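Chain IDs A, B, C and D follow the sequence of writing; residue 1 opens each chain.
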Amino acid sequence: MKTAAFLGLGAMGVPMAAALARRAATTGGRVLVWNRHAEKAQAHAAGYGTQAATLEEVGGAQLILTCLPTSADVDEVIGQLEAHINPSTFWVDCTSGHPDAAQLQRARLLKRGVKFLDAPVSGGVSGAEASTLTVMLGGPADEVRAVRGELAFAGKAVHVGDTGAGFAVKAVNNALLAVNLWAAGEGLAALGKGGVDLSAALDVINASSGRSNATENLIPSRVLTRAFPPTFGLGLLAKDADIALDVVRAVGSSAPVLAQVAALTRAASQLVGPHEDHTALLKLVEQMNAQEIR
Amino acid sequence: MKTAAFLGLGAMGVPMAAALARRAATTGGRVLVWNRHAEKAQAHAAGYGTQAATLEEVGGAQLILTCLPTSADVDEVIGQLEAHINPSTFWVDCTSGHPDAAQLQRARLLKRGVKFLDAPVSGGVSGAEASTLTVMLGGPADEVRAVRGELAFAGKAVHVGDTGAGFAVKAVNNALLAVNLWAAGEGLAALGKGGVDLSAALDVINASSGRSNATENLIPSRVLTRAFPPTFGLGLLAKDADIALDVVRAVGSSAPVLAQVAALTRAASQLVGPHEDHTALLKLVEQMNAQEIR
Amino acid sequence: MKTAAFLGLGAMGVPMAAALARRAATTGGRVLVWNRHAEKAQAHAAGYGTQAATLEEVGGAQLILTCLPTSADVDEVIGQLEAHINPSTFWVDCTSGHPDAAQLQRARLLKRGVKFLDAPVSGGVSGAEASTLTVMLGGPADEVRAVRGELAFAGKAVHVGDTGAGFAVKAVNNALLAVNLWAAGEGLAALGKGGVDLSAALDVINASSGRSNATENLIPSRVLTRAFPPTFGLGLLAKDADIALDVVRAVGSSAPVLAQVAALTRAASQLVGPHEDHTALLKLVEQMNAQEIR
Amino acid sequence: MKTAAFLGLGAMGVPMAAALARRAATTGGRVLVWNRHAEKAQAHAAGYGTQAATLEEVGGAQLILTCLPTSADVDEVIGQLEAHINPSTFWVDCTSGHPDAAQLQRARLLKRGVKFLDAPVSGGVSGAEASTLTVMLGGPADEVRAVRGELAFAGKAVHVGDTGAGFAVKAVNNALLAVNLWAAGEGLAALGKGGVDLSAALDVINASSGRSNATENLIPSRVLTRAFPPTFGLGLLAKDADIALDVVRAVGSSAPVLAQVAALTRAASQLVGPHEDHTALLKLVEQMNAQEIR
């Protein structure tokens, strides 16, 4: 598409918009950027060849992408843009949003002819920089086909179901991340208290059936090192685990383990702090056991 | 070592003893095999070049390896062998045993000069056949060094701590397997009930932060297919999850999620059957949600 | 107040409206009754001295009381009544409703001058028949004062907070009921499996610190007897436990035990059936343990 | 019986031994007392008309009662007394002990003709002072009959099953106490955070189906008041909740909620301190929610 607009230049948005700009440079398109703080848009334009734009200008794009903290933030931007937006625009929301919000947002925008797709991403800042993000698309198949090729930041983009399904899968993914991380923390805290070498323990677990992304990647580099580098925040992980529970609830399902871990993640966010890295979830495990995981 | 003896020719033991025999053929050693049912030993000898032996003959080996269902089975074999066993023998127990049993077994055998090491394995039948098992060794460092090179079935053999530490790490690994599997089942049951395509959902989760061995390997090939091929049994998984809780308890630690999942695994073993494949754990999730994961 | 109208003649509503009628007989007031199935209203009028009424007639009452399965049912009735209702009417909703619904219902009715109060009750059919129900009132203090004396079915009516607080306290009460019941079931199943006499065990527990309404009243009369008489339904208990989680979530709180038990209650409703008595919750405990509690 | 000996003069033991002495004064018997710290025995003798005794003298009693922190303490005293004790003595252990220990202790003492019964008590210091304790007796029916009348401190003494059953029921009772207390704490923390008056909430809950000893007695007087008077310790509650899990495990049962709460109680003991009153369990709930329950 000739003009794409990217709204939300956070840690993820900056490299995602940059990837769009690199692609546009080869196809003759252009990428507008907008951010609540205009200076971030100007800095992005200067650094990556995008164009800082007003919301009126954004409204003229064929493709609008959003990547914001929560669905509530997207609602606010929709409210500001609604009056300016062209019919037949595609709105691709990469926020880790709420499936219920997706339903409402799609219905609201469809009244103006705008097609809303939920398209949350996974892969972190490094995945965004390498253009290898995984995108989970929810919406009608033909609309998904229309935009999938435009997502220059994606290494993989999968159509998982109707409107809201992308957000639902993302929330479940993050809930599993929380569970796998927490459970590994419990096991390692006990092993460590018993004098087992945790690097050796992780070495064998990672060659065994209990391994997960948490044991293979997160805990060795972020927890054992005590670095807990602040990337994806603990408060957002707690929010996503709660959204997963809403997904469970919406279909009358029962998920006692996701429910327990969502509650413990909320407690950790409360006790340890929502802006800590999500791996700081294990600091609550450590407090409960008077034992550092190192 | 010149003579090794392998006791316990179950699904794992057969290829493990075969790997020892292949190695011995190149080093001039020999491998004795023993099984409660002697015909299994004779069949192994015929098929893999080992020698079926009596317990008296086993007692003369420099290295004794056991791979039995539980530590109680090992206790029984120790009782039968004790009188025949040479001092300075190494006893390497590859059972998924109990750390408390390891302490008692080591102390008991040390009275006769025999060195007991706990050395549970991970990797399943296919790992045993490919000689790529992961071995978790517990015991004194010099004794671990003395036997590590003999474990021809191992792709990786790691010294994780003192006597019992091998069993402890194995139990924690299997408890994490149970948690990761159960939680993924909860999430997928809800997504499936909501109309999401589960293959697509697993495709993106496996390219995302929530992935685990359960989502990458077990669920696609065993659950979505409805095959649940009976390899590692659900009753043994429940036993291992309970051992992990004993590891937690022994150090006064707190593991609410491991505890919850151990209880649910015990319930699944009760309701679904202990001899079902361990992935049939998810049949309880399915019953609780009136929703198949497929 | 001169005219009260009672809507919803279920197991609870019948004796509650009857209590209002007995009081009205002494004060010169009258009680209108309405039910989706008009013949229930006629039968009530014949049996208890109330008057079967149309929704138009109901709209003229000074006090409208509702007692319906869920807040969604109340929404429907509001929609039907809205056009007919007098300003300055009090609407007292005795449904076990949702705090969020209460906010919306109050706001909606206030536009017509109608004062909505949430007023769920506890005590069961027998409490309703004896006019000893406990009422949990949410709303402005002066409005609560205005209606409290009218609630002839109440043994105790307490103002617990602003709009929605009544529903919130009721939901938490029912969640505690579910927790206390489930946990007692777990303990008794294990004791029974170990050969302990459960009547004796309950006898001492009920003279000890672990006692609850579940151990004192529900389990002896409904579970040990295998009667499970269908009064308050399991599906409604599951709904209330979920509402309690919404109460927790709305304030960003963490309740891992309420969350686990809500999920298990939902699973029991799924497996055992939503129309079974709420004490049939323990049939899932029994299945998980292959052990009857008797 | 002519001579009874009471060992263990803690907060419970002092009034229990005093009750025995008051009874003995009317029947012509005598009560020996012993404590690890002899001065406590002397003080008791001076205050309550008992006789401070050596272990040799204790060995001559017809009835020996113990009330110690754990079964391990009882093991130690058995070791010291064994050589001095008369055959045909009854040993009634009022410790909150472990069912497995009871089996071993009974077998050990039976070799000397001594009959061991497990007889834990409930009711707290005030129940001991009022001689209204509840006693849960485990052992052969004829032996229970022989001693039941001697337990002057009991308001109720119930034979619940074979050896160990008394300890099992006590452990389950205390586990239910922990569950009921914790769950109420979760609910109240959320209600309080939402602005509900907690005294009013407890008032209605205690007239409703969710009530328990925790909501009726413990929380109003110990938690809302912020008094947390140190009676029964949090560390002992954690120990008892763990024993209850052993009871569950011993019969292959599944108790996910007891398991979860036992873990949380252990964590609270770790974080808040084992010597705090058991109601300080709720201080962990408060920390997890950044909300005091008051």
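Following the convention adopted for this analysis, a residue touches a chain if its C-beta (ideal position, glycine included) is under 8 Å from a C-beta of that chain, and two chains touch if they have at least 3 such contacts.
What you see is a predicted model; the values in this text were computed from it and never measured.
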Note to self: Can you check whether chain C and chain D touch via the same residue numbers (shared by over half) or via different ones?
What the structure shows: same
Checklist line | Reference chain C; chain at largest CA-centroid distance | finding: B
Check: How many Å are there between the centre of chain B and the centre of chain C, using C-alpha atoms for each centre?
Finding: 51
Item checked: Mean-CA-position distance for chain D and chain C (Å) -> 37
Check: What is the distance, in whole Å, between the centres of chain A and chain C, each centre taken as the mean of its C-alpha atoms?
Finding: 40
Note to self: At least two partner chains per residue is the criterion; list those residues in chain A.
What the structure shows: 248, 252-256, 260, 264, 267, 270, 288-289
Note to self: Give the list of chain B residues in touch with chain D in this complex.
What the structure shows: 242, 245, 249, 252-256, 259-260, 262-264, 266-267, 270
Checklist line | Residues of chain A defined as touching chain D within the complex | finding: 256, 260, 267, 270-271, 287-290
Item checked: chain C residues within the chain D interface of the complex -> 122-124, 134-136, 155-156, 158-162, 165, 168-170, 172-177, 179-180, 182-184, 186-191, 193-197, 200-201, 203-205, 207-215, 218, 244, 247-248, 250-258, 260-261, 264, 288-289, 291
